[in-house]
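Down below are the structures I want you to see.
What follows is a pair of complexes built around chain A, which joins chain B in one and chain C in the other.
This part shows the complex of A and B:
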């Protein structure tokens, strides 16, 4: 049987750890060629490169901020030269700050919106050029359950993830005619990222409300992502997939 | 006495025979609070309980909600405090389990408030401790989070490290070893092992001064304590400093000791005890040193230039309000003065955040209290609050870093590093004994058969009856006359709100 993403050329932003890394590994195991970006921690990136390489072909790695337009253009340009195009973009890079609105200053707002929204816009815009030329492609934005459910969430983070929903819907409508499918995948608390840090009592409250009674795993979300960007997904676009154990 | 105003009645003990006697607690015209009682055999006895009747009265209204022990071991037969186990009239469950693992000690402090025995010493066995751990874990619904090892000197116990491993494996995250620091100062390997096992040390530290040190501990131990603190800091062992405040001897040093606690990064708490006249040393120590809880709070205010005032302390919500007073301080990593929590949140909010525990732990109540405080400071636009807001923002960034996730345990440690606590704990002796307080004690000495005895009752009455701790154990007297049940106290459970 052919691997689900055999030969697909996939770019994952924020792929050096956590969910991003799990997505890279899942894609590589499914036969994809994988590139990822990261912003800060070189040691994490080197470890991720090795782990992805162990799953398939060697990964291409790019360092920079997703909120930097030049970084987006250079990354996509380099992949176009190396691979001849891009089939899949996963806008995974994200940042969260646990702050009440009283402590969210303008710089905090700009930082979170810059990474979570502007970054997805810049990388999507850059990747759409080769996708439109090829008249095919998948863009998958990683949202968060906090934009879909009424829970306590930092306002700038919730706003940024809700903005991704609008970005997903508008972009899907605009580029659908080129055979490009754009979807949003919104996980609940996971065994990586914030899910690791949330205080025990808060975690218990969350799990009490969750029908499956546990946090998700990065591997489960990565598996869903692999389906959404694969050729098996031929008709879902502007879709919003919640992966939160039924919260 | 003429001019006395009765505040309440209670049952106390005769300071000589330790039989139960009726007692009146009164406010005298000078504004002080005295306990007046009389023993048929040993006559009238009066003791001063507080320098400030209004503080005593207002504090006593802040009673904890009743939280019955998970199980009782004794029916009421003789009356409080002679039926401990706990008995069916005890009103608080055990929040601070104390396990006395040895009778041996390498120091002979003139203020020692327990009885020790170095000849043929008692060392708790592994199975004995396993049984205690089992009882405690069951009684805490499997969520036992704190155990305190004491002695004697616990570091001389040959199986201390085994006990610490057992406590860690039982999931207890706050395991504290009381120590005078002598062995720790000499044995860096032991300190390293304590760090590896996540143990905490409660270090007695009474004075910087040679004379006071001799008067209180029988030796000048400053160099030893300093070496011990250096090693604990080097290996990152969370530490509590425990000074015993004694009027005219070391009370003027409380601010300096507090400053030491604030300066050292690994010191999490100060637990300041008032001197108590029990045990092999304390019973014969000069009574001129007696200090009330409120006098300690005032001395803290005086010697810290108002960094902490009596109003910055709240009573523990799980003990009698005259037993524990607690203040929390938010630290400034840039070196600015710490900010007491009560300067940015109401005292009632801090009290509620403490809820069911002796120590602040992450909880929805604490989150809500902090969130409310932030909103209020921000909305009121008080320029003086800007530093507090920035410190709270820094705290949140440390606890929930956005750059790279940390584990729940690391997150909790980050929150602990941002604050320090000051506890004032007033133990009772036979002179100040008040069964109203004893019945609400949440700190108990634990036995292998599941028996628990509140620590003051234990120190005053029970320990001296055990052959493990005295070559010639004392016999019980008649044990008659103790209060058999407790009437509801005005405002009980309301926290005075």
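This part shows the complex of A and C:
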């Protein structure tokens, strides 16, 4: 199923590679106008811009840290000038550090929380201003299965993704009155990102427990994301969607 | 986007997908800063511009030393052949002559890696003596060829590959009585020894053991081979550390920095008399052990440039700086509960640590129970992990994860080593605080 996003103005944070890029491409293929942010790798961003452009209209690209309030304001401000507003925000930017709790330092905690939680808050706050005025919009937070299921995961990462659940629920309640839908999409292990780093033994344990017996793909998650932010989704808000093969 | 920019963007993932996913996974799990995109001033830089000192040892002259890069570049810009169908390569010949002059040997065989050179030495010994038994020491690392694999200690480098080469035996490290017994049984063609075991934990063979090895190989007309891949070519402060042994080994192995860190190159140095005993009876025998790219000129050009850089003054610097570094590190780490000792010679040093006893610093806790079952110590990987963050690329010894191996470039500044010492103290102190 391909959701229709014709003319939707979509911003995806952390869109230069991995799942973020897959979401951007899926949105562009569905007819959306796409902007994305990235923090570091210029070459990746250029490659992503070209790939998204090949799927639809040229992408708008913004460099900066999602944990920087000014970057959030400037990005959304630029979209308001360029597009006249914003219909969809996907808070996808996130980082992970594979560290046991003993080695997680305060700076590590702050970094992961800063990007994964504060970043989502800052971009949501910036995007809500035009969305509330327009009385419509979708915000989709990208969580992780580790916040939903008992599976070993770095504590700061799991905590940050769990925090997104609270952020999603509270925000959905607060802005539902304006017709803005806020949801959380939590993928299991994928063929990109963390899924590539899991030791073989752990991966086997995971797949043994997974009814579908495989990791997911970024394309599958992107497809679900496209549905959740499309006009086809008219009644799901504060939803927590797990996409993990039935783990 | 240029081709190189595209490779630097996507090639790391392609390595994991198409070459070795386990290496990619290890690098990710341990937090190794592997996305290096630039080498400048001998030092690596990642995409964010952060600099890393590489203590692996292969880049003895620093990454992409300009003199070595220039020599290779100039050769490639010429129209001189790089490979000769006759095998008679003038550049290889010149490099062999200069290597022999520096080392006191008079015959050289070139190949690509230390493993290949060790295989060459094993075959030389059997061909020269027509005897079967090859002896090595416990916890040795002579490479991954089939002969060298047979000399590995039990574990992933050895276990999956049996049955091993017959006639290959491993002796207890430093046990003179066991060595004597092995020779008395007869049939020994060679004893292969690393003057300082690198992967075995930066362990030097004792003077007594060396003396016995020299005497026994001479008495039984067996070859003594010094595997100087880790210690040679200036690393220990000497061209060959085994040059100081009571009897000059019959062969010595060099690799790693021999090609200046730019080109794969290794050498087995020996005496012409031994070469002829092994391969000299007929022209046909002369190529009995060979490799297509043994004598390629590009490698020899890189080797010549590296040899030119490796002056007596530079080796004296390595010796002096290494001595200072060892003492400085020892005194800085002294008193920390997980610290045992710093040992080594020149700029091949090892920090021996104690394994932490707190369960939350164990491999089981890290989700890697198979490593815990194998008795692997987490301490060297943990300290390396901490040091990556400080801009130092260090390595646990392959056979002993209680030891961090330090092999900095020869031109490294004293201030950088001082910076490392402070970082090492702070990070080990941090780990001690977790136990």
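Assume the second predicted complex is superposed on the first by the 244 of 247 C-alpha atoms of A that agree within 3 Å, B and C clash if a C-alpha of one lies under 4 Å from a C-alpha of the other, contacts with A are read in each partner's own complex, and residues count from 1 in each chain.
By our rule, contacts are C-beta pairs under 8 Å (C-beta built on N, C-alpha and C of every residue); 3 or more make two chains touch, one makes a residue touch a chain.
All values derive from a computational prediction rather than experimental measurement.
After superposition on chain A, the partners chain B and chain C collide with one another. In the superposition on chain A, A:18 makes contact with chain B only, while chain C stays out of contact range. Legend: residue contacts after superposition of the two complexes on their common chain; A:202 is shown touching both chain B and chain C. Legend: residue contacts after superposition of the two complexes on their common chain; A:47 is shown touching chain C, with no touch to chain B. In the superposed model, A:96 lies in contact with chain B only, and not with chain C. In the superposed model, A:193 lies in contact with chain B only, and not with chain C. Among the candidate segments 24-32, 42-50 or 78-86, the part of chain C whose C-alpha atoms clash with chain B in the superposed model is 24-32. Within chain A, the residues touching chain B in one complex and chain C in the other are 40-41, 44, 97-100, 102-103, 196-197, 199-202.
The residues of chain C lying in touch with chain A in their complex are 1, 5-6, 8-9, 16, 22, 24-25, 28-29, 31, 47-48, 358, 360-361, 365-370, 382, 385-386, 434. Those residues of chain A that touch chain B in the shared complex are 17-18, 40-41, 44, 95-100, 102-103, 192-194, 196-202, 205.
For chain A in complex with chain C, the residues that touch the partner chain are 40-41, 43-44, 46-47, 97-103, 152, 196-197, 199-202. For chain B in complex with chain A, the residues that touch the partner chain are 362-364, 367, 371, 374-375, 377-379, 389, 392-393, 396-397, 399-400, 402-408, 411-412.
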